[in-house]
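Chain naming follows the written order as A, B and C, and within any one chain the residues start at number 1.
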Amino acid sequence: MELFELEARESIRDLVARYNAKGDAGRFDEMLALFAEDATFEFEDETLEGRAAIRAFFERVAERTGSGRAAAFVRHFTGTHQIDVISERAARGRCYYAVLTERGLDHWGRYVDEYRMIGDRWLFQRRKVTLDAAVPGGWARP
Amino acid sequence: MELFELEARESIRDLVARYNAKGDAGRFDEMLALFAEDATFEFEDETLEGRAAIRAFFERVAERTGSGRAAAFVRHFTGTHQIDVISERAARGRCYYAVLTERGLDHWGRYVDEYRMIGDRWLFQRRKVTLDAAVPGGWARP
Amino acid sequence: MELFELEARESIRDLVARYNAKGDAGRFDEMLALFAEDATFEFEDETLEGRAAIRAFFERVAERTGSGRAAAFVRHFTGTHQIDVISERAARGRCYYAVLTERGLDHWGRYVDEYRMIGDRWLFQRRKVTLDAAVPGGWARP
């Protein structure tokens, strides 16, 4: 494994951790900064193009589910992260996620990602979120 | 930490992720390719020697539990992965796993591993799977 | 990312894994060796200063919850680990944890950490543990 690949993989792991940490904390500015300006975000039947549209989506979700509404907190765990580095500036990945609230396991699914190095930072060029299942009456399926 | 150890640890983390990703997806050819030709796989009272025997074991499990039978899907999360690099071509590791199906947490346990670099790839030389607990009526304990 | 940062991040990830692996196995000597001699450990309203005080805390917890008492086993999974390397010898981090016993998910929360390189090893200089929630009648809330 070449050094650029080691660096890419470490940076991508960091990116994936920060996405969930920022999102769970409601820090949408910092979360949005993890996306390329022209990134695509897909969730169920919605495809959002560009940071502004992605921001609007997260603000809509937060309005319904924000702090103290659907749950006191949400914590996204990710796992089984496969990273495929394609070049010095492009990579793909996929991983699982599982979300805990104060009531326990709430919902879980998968992320399928494309990463790009833009300037000197690895960012999401595309993230597709799949919901595999959710506990009825919880955060994701109120 | 020397560069070869960084590379080894990153490659081993990747190996451990791919094992579960491939297994959960039913891609046994790709999963088997992660084992050394003469690898050992242990589960409960069974010890399987070599890729052919390991393949037969997984095919038997899949027959009982494959897609749409015992569960709509299985997702293995691993965590708390300790990696001990012994030399440029040998390492040991251990980690926890937890499996989600569409019904939630299904079963969980531990992997104890030996890794070898064979050619230019890190592979499983030995994997021992321990089941710590399982939800009755689920995938692992139907 | 410079090579020292790659090494720091890998070493810190290893540190965080070993803390839980050693703790879950009741290997307190090895667990304590992961803390700086003058480390601080915070949990709820307690602040423990130095390895001797931290050891006394863990021995007290073990007396109440040790092997076969509150649970047959505990397995700490960590996730969403953000690591911020400040210098060649100082870093900060935070991550989530979730604990399984033989009954399933037991309790979950967060670690907020300061790491220091002391000699040639990264150690905990400070760890703050927050309990977010626990299943009633389990290990953490008997």
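The rule we apply is simple: a contact is a pair of C-beta atoms (placed from the backbone, for glycine too) under 8 Å apart; a residue touches a chain by one contact, two chains touch by 3 or more.
Predicted, not measured: the structure shown is a model, and the values here were computed from it.
Participant: Mind checking subunit B against subunit C and telling me if their interface is mostly the same residue numbers on each side, over half, or mostly different?
Facilitator: Mostly different residues: under half of the interface numbers shared.
Participant: On C-alpha atoms only, rotate subunit A onto subunit C and read off the angle in steps of 5 degrees.
Facilitator: With C-alpha atoms aligned, the rotation comes to 120 degrees.
Participant: Just how far, in Å, is the C-alpha centre of subunit C from the one of subunit B?
Facilitator: Roughly 25 Å separates the two chain centres.
Participant: Among the residues of subunit A, pick out those that touch two or more other chains and give their numbers.
Facilitator: Counting only residues that touch two or more other chains, subunit A contributes 3, 6, 10, 77, 79, 105.
Participant: If we count contacts the way the header does, which residues on subunit C are in touch with subunit A in the complex?
Facilitator: Subunit C reaches subunit A through residues 1, 3, 6, 9-10, 77, 79-83, 94, 96, 98, 105, 108, 110, 132-133, 135.
Participant: Which of the residues in subunit A come into contact with subunit C in the complex?
Facilitator: For subunit A paired with subunit C, touching residues are 3, 6-7, 10-11, 14, 17-18, 20-21, 24, 73, 75-79, 100-105.
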